[in-house]
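Same chain, two partners: subunit A is paired with subunit B first, then with subunit C.
On to the complex of A and B.
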């Protein structure tokens, strides 16, 4: 999985490309751990081909840590495959989900 | 023009209690799923795309409406947080709302419209802003356009739906005076009478208008469907029964020699719309629900679980017989009986949960072998539990959401969360359980059981 990073307003925007699964989830966690705890982030999921329970676990874990640090984590541009997993697992109730990266970083 | 439909779960929670087996947005209003009225209205206003947003589950709605190709519109779905205000929801859907006029329908309300009117021209010329509102919602237009008409003569009205009484009144109102305003399912050879496909009506049956009868309905000899009645799909009305001013929901059997007057019958529930009280009919000869048999895939899964449970019983029997009495005498084997939700709506299962003090070697050994779950394995053989699935949810809605509203909930001896070593906090556990309930298969279940056996002790 590739992770590209940019900054919009005060948010670090991480664009993921590829599969977010057991083998790639640690890379995402490491990437996020490289930021200060109070750094708010937006994760762009448009190019995520596959998401499994480990990938979900990584996202939930990051969200919990950010919440504990009073930072914000948002998800943006979920494609249908990813949205389906969030829907069936009801994980969407945990996240602020935007259909546009700039809207997520603006709010 | 686009339409954004924003409905919060809290607004329709009352309907879940009344009709637990149906998603509230799919509850039929005069035999037409509620959400279809929104879709129709959006189409009449000239919308080419519709987005349905909720903080609750939309899976069932999505399976029903799909991508909207059936109606010639593009339907998409989105989520929101319960506390999100309308501007936040619009912001979260900025890409959808950009560059077009957007009709925003907010709340669980019914829009009284008339299909014979030209809403497309009207909505194209209406000024932006709130067009109509009621106590539980509103209709708003966004986007700029040169206003040509004022919002004073808007030819539709709203009814908030927040009680079973209002739901019943709405159905009756449509039946009595608004049937021609909407696209109602069924064949109508004469006014105020809609009849679906595959309806068996004997010569001795009597039907009085206005009436709506759904698909696959069987009326038996001498039945009377009196005025102002709505009979849903897959309904049987047995001999010499009278339905009058009532709504019979889908998949319901009405027994013989009964008179159902001014009521809502749904499965084995009989609801009085005036008081809101309901009676569960225990006698299936009077009133009962008709359910489909389990899918073959579920049966295969259960068989594999039963085989694996048998194997585990055989392996763990001797350790259990040896360790159980010793730990019991030491007071380290504690048991608590509790009632949990079952996988069928409204059903429960009572289980004895065991906890073992593992502060010394014998206790540790018993825990390592998962002997605390040994007796539960027999429940797998009887089909009451799965070998691996969801943590059984105690009957306490304050703890977690009612599992019957979710798909795939199956209480089990071991849980997917234990297998994946997810922390047991709130919704996190449910996330992984939902994931495997949908993505699992019998073989994967065996592998996950092995993982659970290993992980719960490490």
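On to the complex of A and C.
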């Protein structure tokens, strides 16, 4: 999985590409851990072609830490395959999810 | 049961992608041969995601004391249904699970729950020190397609 990073309006935007699963989830956690706890982030999922519960768990774990640090975490551009995993587990109730990155980083 | 493909991998997350992509490909070929699977993408995704969950569990719970740790994935056809079995030599486990409490922000515990929600049948057997988790998803295969 590839992770690219940019900054929009004080949000770190991480754009993921590839599979987010047990093999690649640690890389995402490591990337986020490199920012200050109070750094708000947007995770762009447009190019995540596969996500399993390990990938979901990584996002949930990051969300928990951001919440504890009073930082904001948002998700953007979720495709149907990714959305399905969130909906089955009800994890979509934990996140603010946007259709585009600009809207996520603007709010 | 008519065996189609058997894949044995080292119990290592480096091979997770091989397991899940193989499941997706086998499901797609099966669905195209059947000609009447309703939503092929959804059908394939169910197998891909379920094997990803099961393989990950097999790797995570592999006993450290064993020098050779392998996971076997078997695909077979049974009365027009694609059955997928994941076999390992880990400790016995309880295949029944409830959904984690999402409000507690759990990082794990979703795997078996997802499998049960995605697949139409999930069965577990323990024999000769092996766990076998078998799952199927119904497809709308007609008698004509089976002929």
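Convention: the second predicted complex is superposed on the first by the 107 of 107 C-alpha atoms of A that agree within 3 Å, B and C clash if a C-alpha of one lies under 4 Å from a C-alpha of the other, contacts with A are read in each partner's own complex, and residues count from 1 in each chain.
Convention: a contact is a pair of C-beta atoms (placed from the backbone, for glycine too) under 8 Å apart; a residue touches a chain by one contact, two chains touch by 3 or more.
Nothing here was measured: the structure is a model prediction, and the numbers come from that model.
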Does the subunit A-based superposition show subunit B and subunit C clashing or fitting?
-> clash
Considering only the touch criterion stated at the top, classify A:93 as touching first (subunit B), second (subunit C), both, or neither.
-> both
Pick one for A:85: touches subunit B only (first), subunit C only (second), both, or neither.
-> both
Go through the superposed model and pick first if A:103 touches only subunit B, second if only subunit C, both, or neither.
-> first
If you stack the two complexes on chain A, which partner ends up touching A:53: first (subunit B), second (subunit C), both, or neither?
-> both
Touching subunit B in one complex and subunit C in the other: list those residues of subunit A.
-> 52-54, 56-57, 60, 85, 88-91, 93-94
Using the touch rule from the top, collect the residues of subunit B that touch subunit A in their complex.
-> 55, 57-59, 62, 77-79, 81, 88, 91-96, 406-407, 420, 422, 427-428, 430-432, 434-439
Sites on subunit A touched by subunit B in the complex = 52-54, 56-57, 60, 83, 85-94, 96-100, 102-103, 106-107
Of all residues in subunit C, those that touch subunit A in their complex | 13-14, 16-17, 20, 45, 48-49, 52-53, 56, 59-60, 99-100, 102-103, 105-108, 110-111, 113-114, 117-118
Considering the complex alone, what residue numbers of subunit A touch subunit C?
-> 19, 21-23, 50, 52-54, 56-58, 60-61, 63-64, 67, 81, 84-85, 88-91, 93-94
